[in-house]
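Below is one structure, written out as structure tokens, with a few remarks after it.
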Amino acid sequence: MFRMPGARHAMRLTLFAGLACGAASAAFAAENQGITKDEILLGSVLDLSGPVASIGVPVREGQDMAIQAANDAGGINGRKIRIIYADSGYDPKKAIIATQKLVNDDHVFAFVGQVGSAIVHVTMPMIINNGALLLFPNAPIEEVYEPTKPLAFTMQPAFNVQARLATAYAYNTLGKRKFCAFYQDDDSGEQVLRGINEGLDQVGAKLVEKASYKRGATDFSSQFARLKQADCDIVMFGAVVREAAAAMLEKQKIGWNVDVLVSQPSATDTVVRLAGSAAEGMLGVNQMLPLDMIKDQPNVVPVFKAYAESHGGKLPDPAFLYGYNFMNLFIEAARRTGPDLTTQNLVKTLEQIHDLDLNFGMAPATFSATQHVGSLSTNLLKVVNGQWTRIGVLK
Amino acid sequence: MIAFLQQVISGAAVGIVYALVALGFVMVHKSTQIFNFAQGELMMLGAFAAYTFIILFGLPFWLGAILAIASVAVFGAVLDRLLLRRMVGTKPFTIFMLTVGIGFCIRSIVMLVPMWGTDTYSLPSPLQGRIFSFGGLIISADHAVILATAALVTTALFLFFRFTRLGLAMRAIAQNPLAASYLGVRVDSLFSIVWALSAAAAALAGVMLAPLSFVHADMGQIGLKAIPAAVLGGFDSLPGAIVGGMIIGIVESLAGFYCPEGVKDVAAYVVLLLVLAVKPRGLFGHPDVKKV
Amino acid sequence: MALLEINDLSLQFGGLKAVDGVSFSVKENEILAIIGPNGAGKTTVFNAVSRIYRPSHGSIRFAGEELTRLRSDQLPRLGLARTFQNIELFAGTTVLSNILLGCHVHRRTGLIAELLFLPSARRQEIAFRAQVEELVDLLDLGAYLHTEITSLPYGVRKTVELARALAIRPRLLLLDEPSSGLNVEETAHVGELIGRIRDSFRTAVAMVEHDMSLVNGVSDRVVALDAGRVVAEGSPDEIRNNDAVKSAYLGVT
Amino acid sequence: MSKKSELVTGVRDLTLAGLLGRQRPVAIALLVALAVVPCFHSGYWLSQLTFVAIYAIAGFGLQILLGFAGQVSLGQAAFLASGAYVSAYVERIGLGAPLGFAAAIFLTAGLGLLVALPALRMAGLYLAIATMSFGFIVEEVMARWTSVTGGNAGIAIPAIKLGSLSLGQPWQIYYLSWALALVVLLISANLLRTPIGRAMLAIRDSEIAARSSGIRVSRIKAVAFGLSAAFAGLAGALYSHAIGFISPDQFTIAMSLDLLVMILIGGLGTLRGVLLGAVFLVVSPELFQQLIGLFTSGNTEVAGLRPLLFGVSLIFVLLFQPDGIDAMVTRIGEWVAGPAAGGKR
């Protein structure tokens, strides 16, 4: 090209070094990473500052309390649990970097309770290809269990599964015929929509009208005017907490008393708290029972009491239950595996778990060699005098 | 037809919230030439302040609201004294980025405050759930109040800028700070007042919005909807901001009702681009010619 | 024939007629001065010629081309360059790149050649710098070549702007108040410079100027404007003793 | 050597070596360091540096647009998205990675020109907002155009295939990203020493003077938009393969703002600043987390702290170091190497 002695030399050097190193650094999966004789090292990449921090934060609180309890009780077969958290800020780049660190530098044994669909999508291959376990992510993603992957387990099927069941119930039991859908313009919302359509196909029915909104929307008048005009007899929600509550208020405002059946994200105490009277009579499906229904259980009371003491008397956020239960599920599995805790052995134990009920609001868990999703059933809930109550279980 | 009218009404009701935030944009830009990207976050702060006074401290709604607005106004003035004051004379874009940084910080601080954090809180207004309906047209009491307040605020501001010495000075200051000083007003304190005013407008919007869409750390996003409103209005005209907000609100509402899904979410921006393509400085904007 | 021919040029802002039926011409290789009290429309005429303003009526022919039909950025290619009353430099860059920007019109390379810095681009850069070199020597700016404009004294900035205009290798150079903001010595220097430019580049010069010493010193002809009209035209001496001009100046004091 | 020969033969900056000026040794050292990183770090630093390269590429694009031509864009994320999805699509229909990258670059450049059309008439604030709106619209299109983009569910991106060779390993992406980043850097540097690049600086500083110097402002602006979009497109294509999965919620205004913050903190108008900014953007949150770790129980993060880091750094830089980290480095360099250290621009 032109005079550049130093630079050209550098190029050669670079190329040479590059090839040399490339060859040298073939990635390898360390067996039994993260397990020492007195410690189990876990990792968790969740959103603590971004758009889904409202889930990431309570999930972490739940996991921490479960770990605390286990460690105070002497740990698991003599091993204490240590967990390293990383804030993804819901930024996949950050999630990848953090996961790389946890996998390659910290050599964590398993990732428990990753939060966020995109985050789980981008980190899953890196985790399981490096021989670490991906356990119970907080994201409804079919790819985690379909097809079954040896190192990935989840308690959360894609939302379409529950939506399908809910639709069938509304059609057969409630005798609804004109279905409308109101859903968030993102993956979780569209999963629900898919489930509704699947459910309707089974009975040869069609969706009458659907309306979507963007996360963070504040006004739903046009959507509801549209649904009301379609004059449907039930509105299926694929909405997330805040918007679901605001939508219920809108529905009340326009004085339209149509039945509403909400999906997992909004079948929670928060929605009832926010929507108040407008939430009365609302139906919902959720694998996790609302706080209100379990907060008086003898085994729950002390936990919430401890939480309240450290959080200014507040009840935990519903998402707390995911962190708490999923972590306890791991702890239970690890305990059952016994002192010889290896990736392979834990997988064996998990695959033998049958109908395990932690009695803390979470649906009983059942895994097998061919099925790595813990539960495909869901609770059918209804708001009666400002309180969620269970009126059945859908299978 | 009735459906159409209903959409226009509820659109206008939403638009007015955009407009209130837009007012903040306009006031600051009018007299300091700054585009304050943190306006939405200030609104969010206002909502949280109201939540604190009303729910946590148990004050009556209106009192709490006023205190919230006042405290955010003070915060705005402090921002000006601590940060923006030092930036006088630097490129507009640099100052814009400074406000971006301020936005980051506000959001982060709200998350870090223990009693706020990442949760969503309800802040029911005394009129919660009450609705007026005439001839099939429905408008909720909350929206009615918002409309009324907005009208009030705008008139007040309008008169303020038209007839008070301070107001005149603020208008003058945009053209040249010297003129303002002739009016016997200290320019630097003037900027602080401007910031206080626009922060107050944002907070007011926050208080108004809270009963409808709750209090949470992501509220600031509304600011992004208010920007098109302000731009349509020409970014330097208070009535323009109101009109712009209305247009955005109504367009969204109609698009949501009549157009395929997804259109509603971008309608505001499509309209904005169309307007800018025809009038590069907004509907009410004036071109500025460089003298050589 | 004349190089620049302005015919019955009119231009108004709103109601106000800033220029009203002005006609004059600049011959090859001559130095023409345009004088007149403030607001007489001198700079406006320049801005109309360099297509910053759109005339409402009249024609501006330069080297046989009708300028009113062209964009301002097309003029330099025809050999028309200008400086500004209150200097318009590229403040964020160095003296060197400011002057090199004058060479822009002589650019022969395409985007690709430049992005890849192909030999053609490199040869061109070297050629450009050779030209800059001449100008730098003529206007002795050598000391400031790599200095950012913002850290230059006012006088030097004016010279840089002049150098940039000359890099266009113009046939006609429009100078808007070359002496404004300069002290007596600097002004004298500018005068002698303008003469040198005309001789060494065979460039015609038209300048708007207040300083009569400069005008009388260098210009071959003078056009006097008042209230947007030409009130007198002739040699410096003729203009000096022209009553219309006198009254024009007295009129506005 | 005499002034004249210095200028004309242009040893100062008309050769690559000259371009680096006094930083040549440093640059070569860094180059070698980059080349040997994979020997010592299998994952963590490798992936960080990969993203540094990718963000630098997008950053060079934005620097050309904003730092050189003075045109603000709040919609760069849309260009990255276009690059990511175009390359994904082209590779999905089996035309191969090289074509995919080419398409990503050129189609995105086309998109950039498209945006430039209305943008040419707008200035400052209005341009910023127009580009922001454009970003939002593209976001919605990604979500709705399911047949191509896979919609909100997103699409998995397979490893780059070059014939039989598959670039799936982190170190392979790493080398690819940096090779391309260096090419883009060189191209940007060339821009600055040739007419079109200078013309950009000109229209940034004074459009009127630019016109009267024979520069066709609209065309130069269009070129700036095209180039910056092209680079963003390339970055997007790389990003998609480095991430392995793309969905619309990854290309939001947050990403556009990140890029702006990056070049502002790095240093507006300088290429070295882009590299420094990219390092800051990617690495500082990590260091920050380690730092927090020292004070908290050692292994957790505090909610909501990350925005604070960016916010505070941004405010600090704007108030006390308007020319960004780049200026600091220059000052340090001068202090070390004595006066008159040549800054790479």
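Letters A, B, C and D name the chains as they come in the text, with residue numbers starting at 1 for each one.
By our rule, contacts are C-beta pairs under 8 Å (C-beta built on N, C-alpha and C of every residue); 3 or more make two chains touch, one makes a residue touch a chain.
Only a predicted model underlies this, so the values are computations on that prediction, with no experimental measurement involved.
Asker: Which chain pair shares more contacting C-beta pairs: A-B, or B-D?
Answerer: By number of C-beta pairs in contact, B-D is the larger.
Asker: Give me the ID of the chain with the smallest distance between its Cα centroid and the all-protein Cα centroid.
Answerer: D
Asker: Taking each chain's centre as the mean of its CA atoms, how far is subunit A from subunit B in angstrom?
Answerer: Each chain reduced to its C-alpha mean, subunit A and subunit B end up 36 Å apart.
Asker: Whole-Å distance, subunit B centre to subunit D centre, using C-alpha means?
Answerer: Centres of subunit B and subunit D (C-alpha means) sit 33 Å apart.
Asker: Between subunit C and subunit D, tell me the centre distance in angstrom, where each centre is the average of that chain's C-alpha atoms.
Answerer: Distance between chain centres: 40 Å.
Asker: Measuring centre to centre with CA averages, how many angstrom lie between subunit A and subunit C?
Answerer: 71
Asker: Could you list which residues of subunit A touch at least two other chains?
Answerer: 2, 49, 53, 56-57, 185 - these are the residues of subunit A that touch more than one other chain.
Asker: Would you pick out the residues of subunit B that each touch at least 2 other chains?
Answerer: 108, 111, 117-118, 217, 261-262, 265, 292 - these are the residues of subunit B that touch more than one other chain.
Asker: Enumerate the residues of subunit C that touch no fewer than two other chains.
Answerer: Each of 52, 84, 88, 122 in subunit C touches at least two other chains.
Asker: Name, in rising order, each residue of subunit D that touches subunit A in their complex.
Answerer: Its residues touching subunit A are 15-17, 20, 24, 27-28, 31-32, 34-39, 42-44, 46-48, 51, 143, 151-154, 156, 169-172, 175, 239, 242-245, 247, 249-250, 254, 282, 285-286, 289, 299-307.
Asker: For a test of understanding, state which residues of subunit A touch subunit D in their complex under the given definition.
Answerer: Checking each residue of subunit A against subunit D gives 1-7, 9-10, 13-15, 17-18, 20-22, 24-27, 48-49, 53, 56-57, 60, 82-87, 89-94, 96-97, 100-101, 103-105, 117-118, 121-122, 125-126, 185-187, 189-190.
Asker: Give every residue of subunit A touching subunit B within the complex, in rising order.
Answerer: 49, 51, 53-54, 56-57, 185, 210-214, 216-219, 221-223, 225-226, 229, 241-242, 245-246, 249, 252-255, 270, 273-274, 276-278, 312, 317
Asker: Given the complex with subunit C, which residues does subunit D contribute to the contact?
Answerer: 3-4, 7-10, 14, 187, 190-191, 193-199, 201-202, 204-206, 208-217, 223, 269
Asker: Subunit D touches which residues of subunit B in the complex?
Answerer: 29, 35, 83, 86-87, 90, 92-94, 96-98, 100-105, 107-112, 117-118, 217, 224, 227-228, 231, 235, 261-262, 265-266, 268-270, 272-273, 276-277, 280-282, 290, 292
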